[in-house]
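Notes to accompany the following structure.
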């Protein structure tokens, strides 16, 4: 009996030992941080093509601070990872506006040290103080982007666009045109709601039904639900219209302005403000602000804009802006004034359920 | 019951020539054995007859009908495979009934035939057993039953007993002979075991390493009157001496180098037996009498020294070194109960034989 | 009599040739296009090696490649060590435990991936190379254990007894007798785990962090945006290196089967 | 002290066997258990309670149809793979005499090529101005390019392409082991080639066919990459929906419930096709 007992004890100790070893292995990446002093480096988590690697190299050279860039695909992916890790991996995150409120609410990002950022006064007013972060105490706008419809002039019609409206992608009259549609549930729903009901802040159940019906009716025309591939599909000739951000679409079509164009619907469109936030878990404020101030420099920003076709938040850059496919500075500023942000107009549950119904069949 | 003939057959594998200009006729209704060392092409001949291989050149006839390119499944020739090739997923009954099922015979006919044939091979007690439950001998019988149930014109047996132990093999040989007599089907039996071939065959063919036939004859003829030294060596064992023929009046002598001259039978049917020709002389070990004393009544005698004595039970094998250093084998029947002279190592002994017991070979 | 021509005879080889070309034509085309000057579209615009040059110069690709290598190597080492220790430790007792490891192959990988993710989240394990190694080692065990187990069962027990009889300790016997015998199986299964780790997408997709992107993830995120000539070049390189690994693997496994027969 | 040491050394094999088992438990069984428990838990501010709401929530037509679609696709793909793979494996194992090594090389290679590269290679053929469309237009078969990419057809073709080797290889292995003399024996006994195939080869390679079928079935069922790259995001499959639940909707409980719902349906479908296949192969006599 005694022997049996001790065998079990020994076995228990062995199992415990191995579990400890495996646990130590799993947590090995965070263990050293309890002992070692942090290196002069920051981790930046970002959407592809928003941070210029050349600028980063210049920053590293100038300051000696190492910048680790890592990329995510989808805002949702970022959020998922963010929640998992509590943001421990990152010191700076580039993120779309509509995610920010949630992050603040969850306590995942920390308030800014307003004075540590030097360029507040350079930022276009219209891009500041939105409901998701009323006093910009958590986020700094970096770029913004306009939603619209990229189109193939040859396929849409010889006489140019028949209408400058979301009608183009929803009305059965244009059913012979194949399109690509945004792949984010809320974006799709809001675009549909904009077409049906104009500026609404809340959708009634009947309106939700109508939005769902509209999206389902649209589906046969849709070549793909995608954000990244919109420009590519347009260029390849597979579709005649692509709903998406000006940056993605314009980047793809700028090579051939004779064939492709970009249209911002008259009833009003959407914009997305790509902002920077600092995870609550980050301990490298000084370095992070150094980096932010660096990439806000006029020349660096201009370079990024030219390279990736984003729209600038710096007023001075905005005023000299001219994007062949969107328009001149004045037009862009007009669009900006009219553009809305994506905000949830129905509950999260309802969004996913509606989208599920659109996609399930 | 038809004869099979192969005419001018050529066959090669991967560029290696196995058979060339090969001719063979297998008589109808006989138990025919094809004996040869491994690699002699005897299995190839079997596979050509069965249809597993096609000839490069030449033709094959079953009776008067050419079957050179007839598909396997349309030949009325069945095979018993070396490792039986029984279908592992079917039981004894279904294995035997396989070919009957293909012909879509009525169920009761199939059952009747299968049970009848299984009785013939003494397997009636194991009808519904799985193949894996059977012993080697029983599997062999299933393979046999499966092959003959369809009453083929010719039955090919490819070393069918190789996997069985000696005792069982002997019993199966007897059963095979009985079966052949009972059915009257032409049996073609391929083996490299001379004993098996000698036991079962009505006629047999001996093949050499080059895929050529050395001799076709009855087993007795093959053993007693081998046509070539290959046959003499391959079927049983023998002592070969090289010498030239000298005619001395009515008798013929053969002169062996360093050993003197010996009397031989005149063999009018052998064209190479003429004065001055160089030939081979074959004397089987059991035809030699070994003794230390001079003995009368034998035409020929050699002398030598005992270098090995190997006791076999029923007989003893002596290796004798002759004066010209050639080694000769002698079998001596043991007969311990009758007083015998004792032959020991290094004894000088006399080897006697009757002139009728020596065979002349051209090559 | 002439040898008859059977048209049926050609049907099967033609069919097989068709299937093989179905398997390889897409890849062949991709290979050809990796030398095409055109950035977009499928018209041939002339030969170039630019994409290969870009491939070599891309810091990003080297980083993800390094990550993939780290993960794959660690997964190979861990799954081999754990697998062999298990098989040697059990030493033909309680063999049913080994059959548990076949489950990894039978459970859809997506289920394993989301399960892993949930557990890592719950215990607040930081996602990264380490979590990838954990997942890939799990996959690897599912391949190492069956392969090594079969080999181990072929080991003549008397060899172990002979070694012990000659005075070797259990440990010495393991390293001097058992391990050399298992070696071909170890190399073969190690190669397999290596390639499975490099190939793996789902576990990497769910259990990696921003700083631990792998080659598969990189390819995925790039081709989501459409055709990219650099990926053509990358694919061509991977195709080539895979072929070499297969050659090694096949010659090893043929040696294994030859020994057995 | 001596006694302890003695016990420890007696537990030597326990010591070296546990890591692998713990590893698998921690990273396979515990996660599955977690998912299972999570699918029944309603998490509140204070603790959690048992609930079936997650299952009820997903037990609707939209979810069922996604699972059914994946099952249908898996069944279809596995069946087509089986039908196409059989002659190929049979030819390679039984008829091919020369070049067997090369054939085997090209059969093994697909397993070692990154799956994404497989999928990617189809872009060149299927795209709007890809090679198939160009070829067909050149030949004058079609006037307008076909929409091959971003469709169910594309998903099916590429799944078939990706998983065909998974079917051929097990079949090849088992047919390779099949004694060729059995085939000869069958022909010798008067069977035609097709009779031999259905009555001999098929029953004897049954286990290989079954394992290949199930492997392809399970792999296709949970496939994520192919639908997400080639489906244009228009239709949901089990793989894409699970990832949607865990990454986009971030509802672990519902995601887990859906995972188990689909796993349950998968097991039922596998059992069903097992019965079907057994009847088809073994019943034919």
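Points to keep in mind about this one:
We just call them A, B, C and D in the order they show up, numbering each chain from 1.
Quick note on the criterion: a contact is a pair of C-beta atoms (placed from the backbone, for glycine too) under 8 Å apart; a residue touches a chain by one contact, two chains touch by 3 or more.
Being a predicted model, the structure only gives us computed values, none of them experimental.
Summed over C-beta pairs in contact, the chain pair with the top total is C-D. Summarising the inter-chain layout, the chain whose CA centre lies farthest from the centre of subunit A is B.
Spacing of subunit A relative to subunit C, judged by their CA centroids, is 35 angstrom.
Note: centroid distance subunit A to subunit B, computed from Cα atoms, is 89 Å.
Centroids of subunit B and subunit C (each the mean of its C-alpha atoms) stand 56 Å apart. The geometric centre of subunit C is 17 Å away from that of subunit D, both derived from CA atoms. With touch defined as above, residues shared between interfaces to two or more other chains in subunit A number as follows: 83, 226, 233, 236. Contact of a single residue of subunit C with at least two other chains is seen at positions 41, 117, 121, 134, 224, 226-227. Considering their complex, residues 3, 6-7, 10-11, 14-15, 18-19, 21-22, 74, 76-77, 79-80, 83, 178, 183, 219, 222-226, 233, 236-238, 352, 356-357, 359-361 of subunit A touch subunit D.
Partner subunit B is touched in their complex by these residues of subunit D: 179, 181-182, 184-192, 195, 199-200, 203-204. Considering their complex, residues 40-41, 59, 117, 120-121, 123-131, 134, 209-211, 213, 221, 224-227 of subunit C touch subunit A. For subunit D in complex with subunit C, the touching residues are 12-17, 19-21, 23-24, 26-28, 30-32, 34-35, 38, 84, 87-88, 90-92, 95, 101, 104-106, 108-125, 127, 129-131, 134, 161, 164-165, 214-215, 218-219, 221-222, 224-225, 228-229, 238-239, 242-243, 246-247, 252, 255-256, 259, 263, 266. The part of subunit A that touches subunit C in the complex is made up of residues 25-30, 43, 45, 48, 53, 68, 70-73, 81, 83-86, 88-90, 226, 228-229, 232-233, 235-236.
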